[in-house]
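One structure coming up, written as structure tokens, with questions to follow.
Note that the chains take the letters A, B and C in the order they are written out, and that residue 1 is the start of every chain.
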């Protein structure tokens, strides 16, 4: 039987050897591991963005996979590391809120700290737990080590406050969750809330800032070049785009920015 | 026996989770698949550049491989998706001309539409067919599903017009096909046309624009630092470079730009 | 038994198909090969930086691995290619000094030229030996071809001069070996020399240039935002950082730059 997939979500970037040695450690322990690079460009130390990247991807990694999430501003401090069983997969992450999204959507079946240093690379460096703790623990999990061997069972995890999309008077108030390489602005607005807004105000809307027109549509070709459109994107959330342009730059938006949409 | 390789050529970039979830879908269906990232930085929606990337790489992916090409400006519209058997490999791509180069060089043995949604991830999103159609279809092909199960046999594919290199009076007129990360300008000029030009005009030539000297040579060290040279590059085409410099920036060239070379 | 890992260290970048076709060649010869991308962003043609990237990573790739190092300014000239057995792994690299670091730290058990073109892809291009020589030779090694089949045994390799960190009067004089994607400045100063400096001068030090304060510490949180700190990083060397900032940009440092640290 194939070994479970190990899926990596990090803020390491791809410029250095950090991802490479993480994989080397995994394969040193489990030569049959299959590793997927889900994303390595989570904005550095951005736990809320990391939480969204998990939501955007977890259901597409194979059932049984071990999802390793290293967005870890507290590396080298006393923050705990957790292993959570949820949605048919394992999630290995620092206890810093990066699991908030998945825990709120799916709950969890089992949750334990990662403390048993029998599974660590020693000496453990103070700055690179991805290599020295996350990678070897993931490899041992993929070999069949039970979650309860890793540490103590715990009842709950740290959660970060993530603002909810809402209709506030005459405006739909959203938060930017991700900006892709093309400048498409992925918001936190789910499809059902989009449907409600369209029911109330129609599809021809406006951005609150600057009163630019924004059309809610199903494809990129129903507005002119340089015009704004919004579409239910591949994560199931509303995405704001500029046809053949870069919406994030045009609107000066970053991850975490607020965005208002109102009746035209 | 090892499962056929699945080779990915896309314009997704590497910043987001788009490549990662594409691989997750493939491995969910065929856990033994071997995946190669050929290139993910085809300029966005540039079908002609994608066609060249296929030509530069296909003969180096293992025979039997499934080459998945997602350069797809028409995603979400009615454009067809094709699966083409050619040169001992399968090519899965939108019917938008991105297969022009390989079809013209190698012809094809079999060609079918991809319509059988039994092999798709549902619901199919309107913006990410790489994840919802191309990935699962490629995985099923790698498991042995026959091409004729995917859709209807068709006779031909959409082709884009790709200009040919030519000698026009006193100038060799070329088109830029790719610019690599170092600024080397890969043209469409094959080795036999280079030989013809050298036979007529010698190796000491000039760029039509600005009359800069250009030497046709076999290595980077036969001109001075900052000087232009042209070499038969690894794709078998003439490449224009600046020794220890960036030719594309210096000449302000982009993919698709014309480039004239003449007698010095 | 699993096939040995093939680990890639190159200056190819990730924008083009260069890494992809290198992998395609390997898998065409050994379909069971497991390939790790250690790092592809060694600064182009920088043999000294490449030598450091090898030192930072080799002990984390699985024993028995074949480490392929393509940082090769002399491609297409007469420079030799070497295969070196050292530290339980194979290192395949141009004979240009890029093996200096590993050879000086670990010595070697066997050293041979790579000349037997029976293992090359033909015709060998003049610009892409990664694809035409390194990849197929690595694949054949991973299938069990003996090192002495590749060429002639040789006694030594080319070495580049790499400056040593030293205490020079009142200053610790270091060289920048790498700058990571976050602007952390990885120096050549090993932990024992750091201990000696701390013993003499304490932990509150200063940068020679500009007299900025620099604290030697164990975590990023013991200085204020925007302040300088130095830490023993994950390679075992002193790294200079700015808390929540970019040290390399702030100090205008590049790989190879000198850096002085002195008593505050």
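The rule is simple: a contact is a pair of C-beta atoms (placed from the backbone, for glycine too) under 8 Å apart; a residue touches a chain by one contact, two chains touch by 3 or more.
Predicted, not measured: the structure shown is a model, and the values here were computed from it.
When the partners of subunit A are compared with those of subunit C, the chains appearing in both lists are B.
Remark: rotation between subunit B and subunit C after Cα superposition is 120° (nearest 5). Centres computed as Cα averages put subunit A at a distance of 31 Å from subunit B.
In subunit A, the residues touching two or more other chains are 14.
The touching residues of subunit C, when paired with subunit B in their complex, are 12-21, 23-25, 27-28, 31-32, 44, 76-77, 125-128, 131-132. Of all residues in subunit A, those touching subunit B in their complex are 2, 5, 7, 9, 14, 34, 36-41, 53, 56-57, 60-63, 65, 178, 180-182, 218-221, 231-234, 239.
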